[in-house]
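Just below sit the structures, each encoded as structure tokens.
Both complexes shown next keep subunit A, but they swap its partner, so subunit B is in the first and subunit C is in the second.
Our next item is the complex of A and B:
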């Protein structure tokens, strides 16, 4: 039988960080059952939060590549595509690779198996088309497959928000996000990103059922009362082909149960979690844990826990350890969890470790303060209103103009006297929460620069739609140019009327630019009419019913003749031969009340 | 759902998906289909518009994938005569014979 000092189960951020033990001299083997190493990171196309020291500001996929190359450099023996099946009393571990089961006897085992998505009970929840949000993210971002066209997202936590945004990036339309509570569970900056795209977050609602022949065709959503019971008669129907479930993760802890580790049910940490000490050692002396399996959290904390577990496992085998590094990881982990968004984790850990912490602030979203920004130069507007563990803005500014300070949960503040207006922070912020503005670009116009990660990318000279923070149209804007960031975040530079400088926060490429408008009241284009005629709608009345052409307040005054000319052209007839269509009163818009009084 | 390359993402603001990948031919319920190098069985099927991977044993309800990472067993199918293969984490290979895992067969 093979032997080794330390076996790491799981090749996500936690497992790979545990190979620190190999750097301390231990003989380490890592087993992972994914098709690719990197765990959850391989499907994360967004830039991560956290501390810049800990890869924040980098995209998950890029962090995965970096970690994996470190793994191979460390001298660890890696067994990818292998599944650990069991950990026994005597420490023997068996695993299967290529359909063959083998055994290995490590002195220490670090379990870093991550988590699985939670299920949700509603009628017909097994119908194809109902998928885990992470599953859809895998198919879209790893395999490049569009799983559907119209999606309903269930859950407004970080996963629901992030996956929604990523689906929109892939050209898949999300109709709405349904959330059972009355607030966004994820970060405010993520919620703002999806709101700017015009996706509504519907609070105090849940999904009731899905229907369809062989796969989802519609979803029924219902309002909830204050005790989360559905209110009859409030059902709403969504025509969608996909429903994504994003209601949380639970630790993947079978191996720990099997191994006889003591487990405790702690909802704040995602369900049953292993009882462990601050060194990440479980009730079994030879088994350590790290990452989501020890409590659902984030990649940054998973990496830190991996480092701690790896180091302590090596120390317990007598390898010399420098305490500084370890203390740094531990204190950093505490800092991360110290903010308002870490409250749930802290409560969970208190229950687990039997300790009390003192701070109990809630994750409030602060009001924007009246700004004192200079108007005559290019400066950043930072719309980051919640205390979250994140600092790439501070770390990226070459002129020390942004301060977060020692507490990584503090909000950024800008010293405009130091700021040179270079725009680096706006390209770096993972929340896309920093906009560059030159308010007095001219007497009547401002120049706004918007972080942008969608397709199509607006082109210089384009007239585009200026969109507000909630996804509503504000005004037309002129695209001056696009600054392409190294990591694919772009800054779209737009000219807007000054009065809208504080309202426009997003830009949308016009779908129907350069169209010839036949009916002004209903925005019907020549192209639409020609297409309809070719599909067989060849009279004015038919086109009117189909496209609403001529149904607007003008009563068809402006368009009837134009439409008839197009029909004539397309059908090879003359205008005189065509039916002119029925005329209906009134000939000018008249309120109903005017008739009643007659 | 529409068939063919429509469901493959061609343009993406962040990611690039390789364009000239090798084609892999396989059969689903005896019908010829094509996937690409790098596909799993599940991703190839979905790209062909196949959403129903099996019918449940007891009530014969249509089932598709759910987790896509090998954890939920919702995607089990019969591959080259072997039952209960987790198609979401099994790479697609040339000539695979893929069938819904119907017990009554």
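Our next item is the complex of A and C:
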């Protein structure tokens, strides 16, 4: 039987971070049952909050790529596409891969299996068209599949808000967000992003029923009283084809139950969670936990818990820990949980760890003072009104003009005397809450620059609709230009009558010309090809070398003919007269392992 | 039609020469019988290395690296240049000895290169398997770039300087008056008057020399190469392993490019890919980098090394002909030497000798009269 020092179950942010144990010298195996390593991060197209020293300001999918390359660099043996079936009394773990079940005996196991989505009971909830938010993200963000045309989102927590925004980015219309409580559960900046898109959040309502012949055609929503009971006669009908459920997560802890770890029911942490100490060790001394399985939180804290669990698991096997990574992780974790938005977690941890946690916030509230804001130069307006653990604006400012301070939950304040108006903060802010304004652009107009992540991207000269914070039309605006951010957050620069400068916070483009993709593997557009042909590159092989067209995994199956047609059209020749270019083996991407099996 | 200088060959060597000549204000016309980068450049792995066994090659490569570092600002195009280093692996005692001597010599030439023990290799490049590894040599200023983009960059930049670049136009003959060149004959544009021809025709350079009745001691040999699917960035240096006969690198795009030599290959222009290569290299790459096991091969092809007798380039003006300057025989490392070649040949044309460096030992004379030649050993 195979043996190893440490087995990590789960290749999400917590599991991959636990491979720090491998960096300390331990012999580590990581098993993941996803289609791709990276856990839920692979479907997160939004930028993360938290400390810029961690991954704040990066998109989840980019964090996943970074973590996965670190995983491979670490020397960890990775078993992707494998499922752990059980943890046994003798510490043996069995898993299935490629339809073969094998056993492995680790000295320590770190369970980082994440979470599952909570269910919601309503009539006909098995009708096709009812999805969990995670499934919707997988289909839309990982596979680019349009789940429907008209969506009703249930739940105004961070997931409901984020997925709503992502659906709108994907061109799928969300009619409304239904929330049972009287407030937004997620971050205020996320709520503001969807409100600007004109999507109402309907509080104190829940879904009662969906109807349809083969799949969802309509959803019935009902008002709730103060005890969350439906009030008869308040039903509202939505004509939608998709209902997306985002009512929270609970730990995916079957393995821990099987292994006999002590479990405790703590609603603030999402349900049953393993009893564990501050080193992330469960009641079984050979089993550690990290991430959502240890209590529902978010990806940054999962990574930090993974680092802690990995370090402690390695230490418990005698591997020396000499650096200060562990202390750093613990300190970041405390910071993340210290603010008002971490209150629920703090209560949950207090119940779990049986003692008061010293997570008192020291946040000084900096109020951006409008009076000091200069009118004749380009400056940021920071619309960040909630204390959340986040500091990329401060970290990104090259001139130290933005201050958050030691407690990353504090709100930013801007020192306009230091600010040069560079706009980097507006491109960086994960909440899209920073707008650049030049109030006195002319006698009667202001220049407003809006962070924008939707398609189509406005073009210079466009006349677009100026939209207010709640998604309502204010006035027509003129698009001066677009600053394209490296990570797909753009700044749309609009000219606007002065009196509306404080009201307009978004734009809506009226018409748009789409890019035509010729080479789908390498994302080469018709426009790029035409431009190259006009510069004199008139054969397929030349365009291939210049633009990578046809160099991707399909080997040009999908684009070669299209490219030849474009060359023919541009050069006035017939396709038969052209050089078709070389065809090279293999016809299909084939792994090295297959060539070894002679 | 007329041109002060005619360059034959639209690969990286020819276009670098055309670019440098045009920058000096010389009226230059370049003829490429197919399309730009259709020959060895368009098939090359893009490595840029200074770790050679011959001091001349080290010096040439060091000058070239300096030019690659400034390529973007000077030539004006991003060619995905990446200074990720070259790591040479030694598996035998003979190699260990050789690496030690070479590193000493290379350091004497001023190159920042040093030896790494297997554990240091593991620490710095953890995705590599160090089983049976005895020693390695590492030069951090080695690197790689995208040969196609570099080739096109020289074309575009040369055009901006006024050079005329004609692709799909073959030089079929050279017109002589006695021992003086008076022009070249092309298939599409007839005679082009010129007094100076630069022969940068790579695998065809021997045929071009024959047009003026001279022979060049170069032979083309086929080499196999492949590229994989895209991966996240996991490998900085280009790896050369002479013992297992493989080199590989990760491109800025994310794909891995790798190749090997075939000791049984006969000379000749053959561009067919071999199926055996896929099996052979799969064993090697998965041994050296176990994470490659499930990475897919997307494309394989073959290219040409134009070998000279000592595996070092030939940069020389033919004797008894006025005037043909040849830049050929790069033996698989023409891409990396192209910038310095362009500069030296341009100087040669203008001043009658290369001013920046002494390259007298790259002359054809070195092969005359049974002289002992110093073989470049670090070719893979």
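Points worth noting:
Heads up, the rule we're going with is that the second predicted complex is superposed on the first by the 494 of 598 C-alpha atoms of A that agree within 3 Å, B and C clash if a C-alpha of one lies under 4 Å from a C-alpha of the other, contacts with A are read in each partner's own complex, and residues count from 1 in each chain.
Please note the rule applied: contacts are C-beta pairs under 8 Å (C-beta built on N, C-alpha and C of every residue); 3 or more make two chains touch, one makes a residue touch a chain.
For clarity, every value in this text was computed on a predicted model and none was experimentally measured.
Judged by the touch definition given at the top, the superposed model places A:65 against subunit C, while subunit B stays out of reach. Shared-chain residue A:542: touches subunit C; no touch with subunit B.
In the overlay built on the shared chain, the residue A:98 is in contact with neither subunit B nor subunit C.
In the superposition on chain A, A:138 makes contact with subunit B only, not with subunit C. Using the contact criterion defined above for the overlaid structures, shared-chain residue A:182 touches neither subunit B nor subunit C, since it reaches no partner. When the two complexes are overlaid on their common chain A, residue A:552 makes contact with subunit C while staying clear of subunit B. In the superposition on chain A, A:74 makes contact with subunit C only, while subunit B stays out of contact range. In the superposition on chain A, no contact is made by A:89 with either subunit B or subunit C. Listed in rising order, the residues of subunit A touching subunit B in the complex are 33-35, 45, 59, 61, 116-117, 126-132, 134-136, 138-141, 143-149, 169-171, 214-215, 241, 252, 453-455, 457, 488. Those residues of subunit C that touch subunit A in the shared complex are 35-38, 42, 122, 126-127, 148-149, 151-152, 156, 167, 227, 229, 231-234, 253, 273, 275, 278-279, 281-283, 285-286, 291-301. On the subunit B side of its complex with subunit A, the touching residues are 1, 6-9, 11-15, 17, 38-40, 42-43, 46-47, 51-53, 56, 61-72, 74, 88-89, 91.
Against subunit C, in their complex, subunit A makes its touches with residues 65-66, 68-69, 72-75, 78, 535-537, 539, 541-542, 545-546, 548, 551-553, 555, 579, 582, 584-586, 589-596, 598.
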